[in-house]
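Several structures are given next for inspection.
Here come two complexes built around chain A, the first alongside chain B, the second alongside chain C.
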Partner chain A sequence: MTEVSIEKLTKSYGNARAVNAISMKIAEGEFISLLGPSGCGKTTTLKMIAGFEDVTEGAIRFDGQDVVNTPAEKRDIGMVFQNYALFPHMTVEQNLAFGLEMRKVPKPQMRERIAKVLDMVQLKGYEARYPRQLSGGQQQRVALGRALVIEPKILLLDEPLANLDAKLREEMRVFIRDLQRRVGITTVYVTHDQAEAMTMSDRVVVMFGGRIAQIGSPTDIYERPENHEVAEFVGQVNLVQAKVESVGEGTATVTSPLGDFTLPTKISVKPGNMVSLALRPEAIELSKATEGQPAATVLASYYSGALMDYRLKLDNGDELHAQTFPVNRFAEGDRVALHAPAERFWLVGVSK
Partner chain B sequence: MSRPFLTGYCLLIYAFLLAPILVVVGASFNAGAFLTFPPQGLSFRWYITFFNNEVFMRAIRTSLWVAFVTMIISGVIGTMAALFHVLHARRSKDVVRIAMLAPLLLPEVLTAISLLFFVYAIGIGTQNMVGMIIGHVLITLPFVFINVSASLESFDPSWDMAARSLGAPKLVRFRRIMLPMIKSGVIGGCLFAFIISFDIFTISFMLKGVGTSTLPIQLFDYLRTNFTPEAAAVSTVSIVLTLTVVIISEKVLGLRIHRF
Partner chain C sequence: MSPGKTKGIGPYLLIAPAGLLLAVFLVLPYLNIGVMSFRVPGQGTPYGEGFTLVNYARFFADSFYIWQVVNTLWIGFLTTAICLVIGFPVAWQLTRPNMRFRGLAYGLVLSPLLVGIVIRSYGWTILLGNNGLINRTLTNMGLIDSPLPLMYNALGIIIALVHVFLPFMILPIMNGIQGIDPSLEAAARSLGASRTTAFRRIVLPLSMPGIQAGCILVFVLSLSAYVTPSLIGGLKVKTMAVTVVDALIDTFQWPFGSALALMLSVTGAVIVVIFGRMTRMKWKVA
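Right after this comes the complex of A and B.
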């Protein structure tokens, strides 16, 4: 197992900085996701770790050893590509054997290791197939097997599920996560899909414009986003106007159409400031309207099986999105009471 | 367009393409003394004459030898040029392509004359077949280049990256990953080189070594003074040879295997 540490890693193309002095430590056996929109530098970072991109500045250390000047073929990495990149002229077995041949593993041992990995990726009996004779999901598993059979120091995955259909994608998420846990390999996973990053990772690195916006557990990222950009990227956010009443030690007390709250704040506010309160749609609970409760009118409701989505209108005219289990259903035009616990709110910035 | 019309149209095109060949093949079985079609009676006599004609046999051996050498040289240079063009050339990409295709744009006669001046200027002369082979390579190079370039365009760079991540050094990656994937392009290009070289007239005419002759030239010489069906027999053998090369390469080297 290998620990990876990245220090002030930078990649410039001319004057443009694709990756701008990012630093992070990845613990032994940790599953870390680089999450961000396209062009945020996540793939470039992965390619630098793999050795496919030159590093402009900074260091990449595997167990304390700087690998910046080590060519990709000597870094001992396992990589899974978005398009699988299986060798089309080789059978499944030959694809898996390739890396072992490069390491001059003796034949009997090679056969043993391939059999073990094929078992792991549930492809026993497919040894003689060519990649084109396999489904997308099977090809993906061969690619995983090919990367793992060489028992690399780290496993790198570049949007490996992007080409699969929705249902298979969810299955593969769980599959990859379980496999990674079992093997215990340090893993870096690149994706633009927040659900993927959240369900699979120990920690998520959210990147924007070549910089790290936040590193944290999926819970941190989702429930305690560092800034509004992160919050918006990893899920839906409602914004509610609020007024600062008083300011305490790192906290602020505000009044809003949803009630009065005392919240921790990272931004400096003064009493009288107008601010925005952020709130996830599923943090709102709805019940039949009663006197004295913050209330809203149902504009529209959407049923999606497991969940119910509502578009609500507050009395001050602001719109909210709420997501609940379809237990108590409300119809268009109904008056509903809103309940939201204070710990699910966060302050996002002063508005004039 | 209606279907019968389309079918008829296709048949006409095939007729246009194949009729001359059929006439030549038919005329070669002529029993008479003159090159006529339809043949006057059937016989193999002109084939026997041909196979006993030492001059023609020597010419055909020369042609095969020249085509083979040309194919090897063009194959290697053309493949290397295509590799550079597709994988490494950046700003020079267009220049490289135009330069490689230039022999196609020039009239063959001009190429031949310039080359004749050239081989005498640098002292190779036409005492041997070097000058002629240079000419053949020049003419066939674009075909190898185009074929290999086309197959390289569909080479996915992530295959190479995958092989790197698995620990394969550059030469191993070329031999085990890239070459098998572009194999059909290389073989296709080499086949073109062989067949075209076998057929080249003008270049050979100007640059052939003293006292040697290729099949097309020998045939031309022959037809200037004779008009027997032997010429048709020579042509037929030449057609069969070309076809054999194509079919054998396709079966043995497997041009179809790598369609995926």
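Right after this comes the complex of A and C.
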């Protein structure tokens, strides 16, 4: 098991900085995701860890040892590529054997390790197949097996599920996560899919424009996003206008169309300021409108099986998006009462 | 109706022009040559009445012709091998993403094809002749006393053939290498392979389809080359193609010339098929 530490890692292309002095520590056996839109530097970071991309500045340490000048083939990493990068002229078994041959593992031991890994990725009996004879999901598992059979220090995955269809993608999420837990290998996973990052990771690193916007557990990232960009990227957000009534020690009391709340605040506000409150759609509960409750009119409703999505209009004209279980259904034009617990709100900024 | 399973005459109409072209300019002439090769040699005419096996008997009875086929094949082999050895690094370099002057290099690769075949071959006689540029320069520098035999031999023919057929080796190999996913090399490196090993174990085997195509092209072209061998080989070294034309045009022996032509075609085809079998890529057809 290996601990990875990244210090002020920078990658410049000319004047442009693809990765800008990022630092993080990845614990032994931890599953960490680099999450962000394309061009945020997540893949470049992964490539620098793998050794495929030169480092402009900074350090990458595996168990304290700087590997920046170590060539890729000496870093002892297992890598899974977006397109799997299986060797098309080799059978499944030969693909798995490649890394072991490079390590000069003796034949009998090699066979044993391949059998063990094939069992692990549920591909027993596929030894003699060529990659093109396998489905996408099977190719994916061969790629995973090929990376794991060398028992690397670190497992790196570059958007490995991007080419799979939705159902298989969800199955593979669980599969990879379970496998990683069982093997206990330190893992860095690159994705632009927030749901993927959330379901699989111990911690998520959200990146924008070559910088780290937030590092935290999936819960932290989703429920306590440090800024609006992060909040927007990892899920849908409603913004509700509110007015600051009074300010306390790191808190502010506000009035809003959804009620009055006292919330922790990281930004400095003054009484009388207009601010925005952020709220996830699924934090809102709906019931039949009653006197004295904040209310809204249903503009539209969408049924998606497990959930109902509503577009709501507050009496002040603002629109809200609410997501509920389809227990009580409301139709277009219905008046509904809104319930949202104070701890699900956060304050995102002063509006003029 | 699903795409790819079209019925009716549509698909046949699409390949009809190519089929017609092949029929008129390949199948018919071959049939004609085939029939001609069994005709009785003529007396004062290109061919006589009736059919016979005498033309083939003459070929197999005379070791001169058999040796000429062997020589022609040997020249073809060497030309192909040298084209491969010279061409592969060029093709490799031309596919590197950071290659500078790519357009210029590409033009240079194609340049032999931009000059007419007769002019190009005469160019080589100026360079390779006993009084040619190379021999004169070497003599003037005092490196040699008598001219090196560069012309009127197999060496001269091979040099000139390599020059003109190099593009037919380089282009298919380039095509093959370009089709190799760059992440395969990265994957090999991540699994512990050095650059050299990644090249040997991944890139080289995966460029085999291009190598195969290039080798077949150059080999077949070398066997059928006429102008270059006849100008550079002169009267001393004759390839089979030259002998065939001699028989057909100079000595007017149409039946025997046809038999010679067919023997060359058949041997060439057999070798190409064997080569194809030997280099068959299981991972491609699987």
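We take it that the second predicted complex is superposed on the first by the 352 of 352 C-alpha atoms of A that agree within 3 Å, B and C clash if a C-alpha of one lies under 4 Å from a C-alpha of the other, contacts with A are read in each partner's own complex, and residues count from 1 in each chain.
We take it that contacts are C-beta pairs under 8 Å (C-beta built on N, C-alpha and C of every residue); 3 or more make two chains touch, one makes a residue touch a chain.
All values derive from a computational prediction rather than experimental measurement.
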Q: Have a look at chain B and chain C on chain A after the superposition and call it: clash or fit.
A: clash
Q | chain B versus chain C as contact partner of A:Ala27, first or second or both or neither | A | neither
Q: Using the superposition on chain A described above, determine whether A:Ala289 touches chain B (first), chain C (second), both, or neither.
A: neither
Q.
Between chain B and chain C, whom does A:Ala59 touch in the aligned arrangement: first, second, both, or neither?
A. neither
Q.
If we overlay the two complexes on their shared chain A, which of chain B and chain C does A:Leu168 touch? Say first, second, both or neither.
A. neither
Q: Please indicate which partner A:His89 is in contact with in the superposed arrangement: first for chain B, second for chain C, both, or neither.
A: both
**Q.** On chain A, positions contacted by chain B and by chain C
**A.** 50-52, 71-79, 81-83, 85-89, 98-99, 102-103, 130, 132, 146-147, 150, 156
Q) Touching chain A in the complex: which residues of chain B? A) 156, 158-159, 161-169, 172, 176-177, 180-181, 258, 260
**Q.** chain A-touching residues of chain C, taken from the complex the two chains share
**A.** 181, 183-184, 186-194, 197, 201-202, 205-206, 208, 281-283, 286
Q | Residue numbers on chain A that touch chain B, as the complex places them | A | 50-52, 71-79, 81-83, 85-89, 98-99, 102-103, 130-132, 146-147, 150, 156
Q) Can you list the chain A residues touching chain C in their complex? A) 50-52, 71-79, 81-83, 85-90, 98-99, 102-103, 130, 132-133, 146-147, 150, 156
